[in-house]
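Labels A, B, C and D are assigned to the chains in the order they are written; within every chain, residues are numbered from 1.
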Amino acid sequence: MDFLYSQKSKELQLILTKFMETYVYPNEQIFEQQLNAQETRWSDVPPIMEELKQKAKQAGLWNLFLPESDLGAGLTNLEYAPLCEIMGRSMIGPEVFNCSAPDTGNMEVLERYGTKEQKENWLVPLLNGEIRSCFSMTEPEVASSDATNIEASIKKEGDFYIINGRKWWSSGAGDPRCKIAIFMGKTNPDAPKYEQQSMILVPLNTPGVKIERVLPVFGYDHAPHGHAEITFTNVKVPASNILWGEGKGFAIAQGRLGPGRIHHCMRLIGAAERALEEMCKRVQNRAAFGKPIANQGVVQEWIANSRIEIEQARLLTLKAAYMMDTVGNKEAKAEIAMIKVVAPSMALRVIDRAIQAFGAAGVSNDYTLAAQWANARTLRLADGPDEVHRAQLARLELKKHATEKNFSTIKS
Amino acid sequence: MDFLYSQKSKELQLILTKFMETYVYPNEQIFEQQLNAQETRWSDVPPIMEELKQKAKQAGLWNLFLPESDLGAGLTNLEYAPLCEIMGRSMIGPEVFNCSAPDTGNMEVLERYGTKEQKENWLVPLLNGEIRSCFSMTEPEVASSDATNIEASIKKEGDFYIINGRKWWSSGAGDPRCKIAIFMGKTNPDAPKYEQQSMILVPLNTPGVKIERVLPVFGYDHAPHGHAEITFTNVKVPASNILWGEGKGFAIAQGRLGPGRIHHCMRLIGAAERALEEMCKRVQNRAAFGKPIANQGVVQEWIANSRIEIEQARLLTLKAAYMMDTVGNKEAKAEIAMIKVVAPSMALRVIDRAIQAFGAAGVSNDYTLAAQWANARTLRLADGPDEVHRAQLARLELKKHATEKNFSTIKS
Amino acid sequence: MDFLYSQKSKELQLILTKFMETYVYPNEQIFEQQLNAQETRWSDVPPIMEELKQKAKQAGLWNLFLPESDLGAGLTNLEYAPLCEIMGRSMIGPEVFNCSAPDTGNMEVLERYGTKEQKENWLVPLLNGEIRSCFSMTEPEVASSDATNIEASIKKEGDFYIINGRKWWSSGAGDPRCKIAIFMGKTNPDAPKYEQQSMILVPLNTPGVKIERVLPVFGYDHAPHGHAEITFTNVKVPASNILWGEGKGFAIAQGRLGPGRIHHCMRLIGAAERALEEMCKRVQNRAAFGKPIANQGVVQEWIANSRIEIEQARLLTLKAAYMMDTVGNKEAKAEIAMIKVVAPSMALRVIDRAIQAFGAAGVSNDYTLAAQWANARTLRLADGPDEVHRAQLARLELKKHATEKNFSTIKS
Amino acid sequence: MDFLYSQKSKELQLILTKFMETYVYPNEQIFEQQLNAQETRWSDVPPIMEELKQKAKQAGLWNLFLPESDLGAGLTNLEYAPLCEIMGRSMIGPEVFNCSAPDTGNMEVLERYGTKEQKENWLVPLLNGEIRSCFSMTEPEVASSDATNIEASIKKEGDFYIINGRKWWSSGAGDPRCKIAIFMGKTNPDAPKYEQQSMILVPLNTPGVKIERVLPVFGYDHAPHGHAEITFTNVKVPASNILWGEGKGFAIAQGRLGPGRIHHCMRLIGAAERALEEMCKRVQNRAAFGKPIANQGVVQEWIANSRIEIEQARLLTLKAAYMMDTVGNKEAKAEIAMIKVVAPSMALRVIDRAIQAFGAAGVSNDYTLAAQWANARTLRLADGPDEVHRAQLARLELKKHATEKNFSTIKS
């Protein structure tokens, strides 16, 4: 057991940290100002973003996320983890390096399961940062935490599929650059439970696709990204748009969600780490009741607990990444479930303490704390709520100690 | 000991509940729509609000908050508590009945400490719901949790005071109807620690008063109310605008904050109660993994714990109100501090569970959960952060068991 | 709503407090010393206990627990609550006043459901403090949290019942003065689910009753009381020993457990209150790192939170007692379930903080903290584990918001 | 970063696990029975222990703890960690392999700082498992969490030291095989704060050493080990008994406590892991309310959270061990402080959940849960209470972000 990062990862961490300090943090407020200066916050993407992307590309900090592929930077999940963490320190960080959700997950799906044609049309421009994508799975009418509940339909008609359904939380669909959705729905309601669903590529400019609205998160609109509610009404796409094959929806979801989940966790660790740093600075520069706030025992307890919780979450994330690299996403499912439960709650606690230490400033947008909190809160729901992951972990654990007699009766 | 509400309070609870169901809840979305239909969200107050206020006045549901005064509805704090709770179930509820912060606290200050002239000019129109007010105490540059840190100055010059300072979180100052600020600052930096500060009335249209910006709370702008950052530059007001007298700032603050704090707690209990109700409904109408979500043990645990926590917080709030009525705000300081710590955290937990039960819908604005959560979060900071109240409670508790020898050495 | 105790209760509180200070606390260590001085800790009851009982009887502090009966002191549950709390401050307190478990519950059962003969034989000597009793319900082989699991049998044979079964956690059966058990078992396994069980009186000297062992609680033997495992082998008792009638076991259990549960909660509040007091004293008399421990912010947070949690638990207990007095134990079931969940966990937290504040002394027997903690821990299990009460509360809450359609599908 | 154990460690894990299953677990109850069969529980050590020690020695499972020394098994801290964890699964485990506290810490002190003569006299028999030792540091009269409070005196008189003081929690001194104490006290009260204390070897049979009593832990006597209160009255030992030199007490304590602390953490992880296993088995073999307890959502949440918390604590422990091996105990101080805070609380939570899942059986001694809980609870105090470690962590964290200006004012 060796707890050191690889030399390659350490070098990239240095370069990336420098890049964040030089280019990203100083432009966070500018990004927001450019957004507000537009006719509406949805009119366009702030120009600073494309400038930063160009700089990142030049610095070789591009597509760092894609393991086991010639198309990425050739990093393992384990090597990528600390980099993703650093990017996650800023709400605008990941996109700068073309490493933001949901594109990374979608690109990984296209890389793993896409046809040559699908790759040319969608993966290449995504990798180039020319377009963006969304993932249309969750539906407003059903508890989508149980993916078998999903009701959208994908019906074969000749060389086409006809798609109908209402999706929401299609994150990124608000962005004018978003051109393609990975859509999940039922191709065969009569198939075995886990073979009813398929995934299919739906260009957003196809007739019948309508963005109904974008949903706020705790008051944040997340422009220009946006969490869209989209109706798909008799949307017709070529049969070749299907991903991998009919009935493969669940299999792809499993494959997609592993990396997607761990990327979120890495970013959350970065957000928590930054919150802790800012808290440490703030409390040393403000005084109350005759002494620096840093001298208050309760504040010291917050700091100590935050360090402890971040450290533990990071180690668990790294272990999960290591397992994905060595035994594969499927074998790493317990570890992925664990960090998916741990990281959002950890980040929420750490950021909440920082908010409390900042006083009223903490709930405003003068600092990124409140926005990062709101983001972290969604991740106790997105990609499976905590409760679903815990139930899975319990089943795995119970199985280890099941006798033939008792196990047959255990259900979630 | 008798745990029943008075007959009078019970009758008003029924009328008020009916009013909320008939007029308030159905207009929550309309309020928001009218706000969005304006040129900006700050242009004006949605017309529905003034309509609802007229209806409430006609129904005799007006100024219910003011105890021990001919000007209010003649209710004790204890009688008012369940009514304030019911109003607090809706973000737009309290204003409808002219019972919203910070006006109730400001009106109570004017009623207790105002001169005849001050009352005529400001209390009367406030009680009539014609104007609104703000409270300018907190400053961005210092830890205002320690009120002795406040640095704004109020200098006597002949028959006037000259006011200078930068304040923020002057809630309500964004509202076009907001006409008057109660301003806190130092009249005499050389006086004993708790006699340096004074409160003074500052009409917002006085030259030198500038609203710099309004601060968001977790992405919510809280329009048209608004949490303003205001600069006061050589603002000149008549000497008669002083409240009670020079050096009385702390004494008034103590008096003002008791009722203000408990009102917030009452409203939070209402918000929590509504969240629990909505959770109970939602989980019985959605299924996952083959059974209603309500059948999941973890969800049942959330419901049970929420009921338990609401019940306890309500009892403590009522006891504090009872003590304010019987032994006075000062003697009730421990109980007020206790509920000020308890209610916001309780509401945050209950609402957070409801959010989790609602899934992604919970973080959006389709329900009031996320907005209520954000509001509750600010109340772990506003009117004194939890930590300050806990330190006060600890001191009170330690004193009970102090020997002469040991007590002299105890400091916060 | 009136938060004051009745005059009668307040006077008794004063007398009782004085009695505790004069006689009970100073004899806690003596009780233990007398116990250790015997041949074994089970040989006999320390003489000091009978002395204290005589003193309490003379002071009129006897059988304070029995409401709505000529046989007790004529106090309501609400009047008794603060007295029971005061007794609960000492592990040896309740017995001194003939108010200890499981006798109070058993006496209440005999008072409510006993025949004239049963009362003469058992209730009278119990009320006199001449004998003690146990309650034999829980079984080692099944999850007794679900009382329908109970498997012991009570079979009618002519004018007798033949009893067979293995019970454990028959608390008090270790005491040489324990003469009678209330035994629960199945008289009719074919009856409807809640009518299969009956309760019957079993004198402990009946042939076939064998105390197999006494069970420790976190290392405490609880001598001379003792938590016994008892086998009942073809134990023959007169048919007239049945309580109320065959099939009434569940009905009696419901009636018995309400008062039993709330008494435990009252005592726990006393235990927590004493722990808080001792913590406040200790931390003002010890210094570390250059200042009294009381000056440490974290310790102050423990103190404040303890006060807050005790206060809330007490209010909830009082409300439950008030409801038992006014609408009856059955209607008060939600409130009883709530305090049964709240009080043990509250006491555990408060006592645990005190232990931490005491340092290593806290886990020893030099103070009563560790013993009280262990006792409180059992009460998250005894008389129904937390989880069962929470499930009941959730069902009650969900029912309030059930539509006809959804409710039929809700199960615990 | 590589999350695999070394081949050597993995092989030893297998052998050790087999040994535990074959010899240790089956003898836990026998150990207790032999203890009870003696005249008193303090008369002698149960013979089974010496038998098991012989078996362990033969199996090569002996003194596995001592890194960087020819005298141990040649394992690093990282290699030892999983082994120590496995031993810690049983309360009697560590001693079987001569790896129990406080001997491992004491042996490490003798190995690092002992003279040749000291090693011959004490280290050799300790390594052989012929004698045992205790560590006399904590004092009843002062808050020993601040080691500068320690008041015992060690005075030079010619070629001897005269020792006076009262110590308690000298764990292991109850054991008849315990022959030697490492005693901490002041040699020079006028020296700089951290050079006043020294450590010295005191044979327990020296005149003036008196074991006053043994202290229980939550009702457990921990015989034959025992936590002793010892008075030292004019105890005279040769000057050569001093360890390292006068004034080196703090320096040795720092060195000693690192390994001692992490060993405790490793054992606690083992205890937690076993509790989780037992919980998983139990809940699959008991039913309540019509289904296995394992099917209850709340129980599944306990299991999932337990797995998550164990996993994180283990990773942090391993990282701390890795750092001790690579950069040394001093550089690893933050990591050691972190696990010292994390592991006891984690174990307490996991074991407490198991207790709740076991029902009343959980608080008894039929399973090792209650005893392990009590043991874990002491470790939130022993070797520094949580609060001291958190304060240290906060200082380290604040320092990273201190400006020259602010840091000078920060105190714990």
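Convention: contacts are C-beta pairs under 8 Å (C-beta built on N, C-alpha and C of every residue); 3 or more make two chains touch, one makes a residue touch a chain.
Nothing here was measured: the structure is a model prediction, and the numbers come from that model.
Of all chains, the one whose mean C-alpha position sits at the greatest distance from that of chain D is B. Sharing over half of its contact pairs with B-D by residue number, the repeated interface among B-C, A-D or A-C is A-C. One finds 42 Å separating the Cα centroids of chain A and chain D. Centres computed as Cα averages put chain A at a distance of 51 Å from chain C. Chain C and chain D have centres, each the mean of its CA atoms, that are 37 Å apart. Among the residues of chain B, those touching two or more other chains are numbered 296-301, 387, 390, 412.
In terms of which chains touch, the assembly is arranged so that all chains touch all other chains.
Of all the residues in chain A, the ones that touch chain B in their complex are 138, 140, 142-146, 149, 168-169, 215-221, 286-289, 293, 296, 298-299, 355-356, 359-366, 370-371, 373-374, 377-378, 380-382, 385-387, 390, 412. Contact residues of chain A toward chain D in the complex are 1-6, 78, 276-277, 280-281, 283-285, 291-292, 294-295, 297, 299-301, 303-305, 307-308, 311-313, 315-316, 318-319, 322-323, 334-335, 338, 341-342, 387, 389-391, 393-395, 397-398, 400-403, 406-407, 409-412. Those residues of chain D whose C-beta lies close enough to touch chain B in the complex are 296-301.
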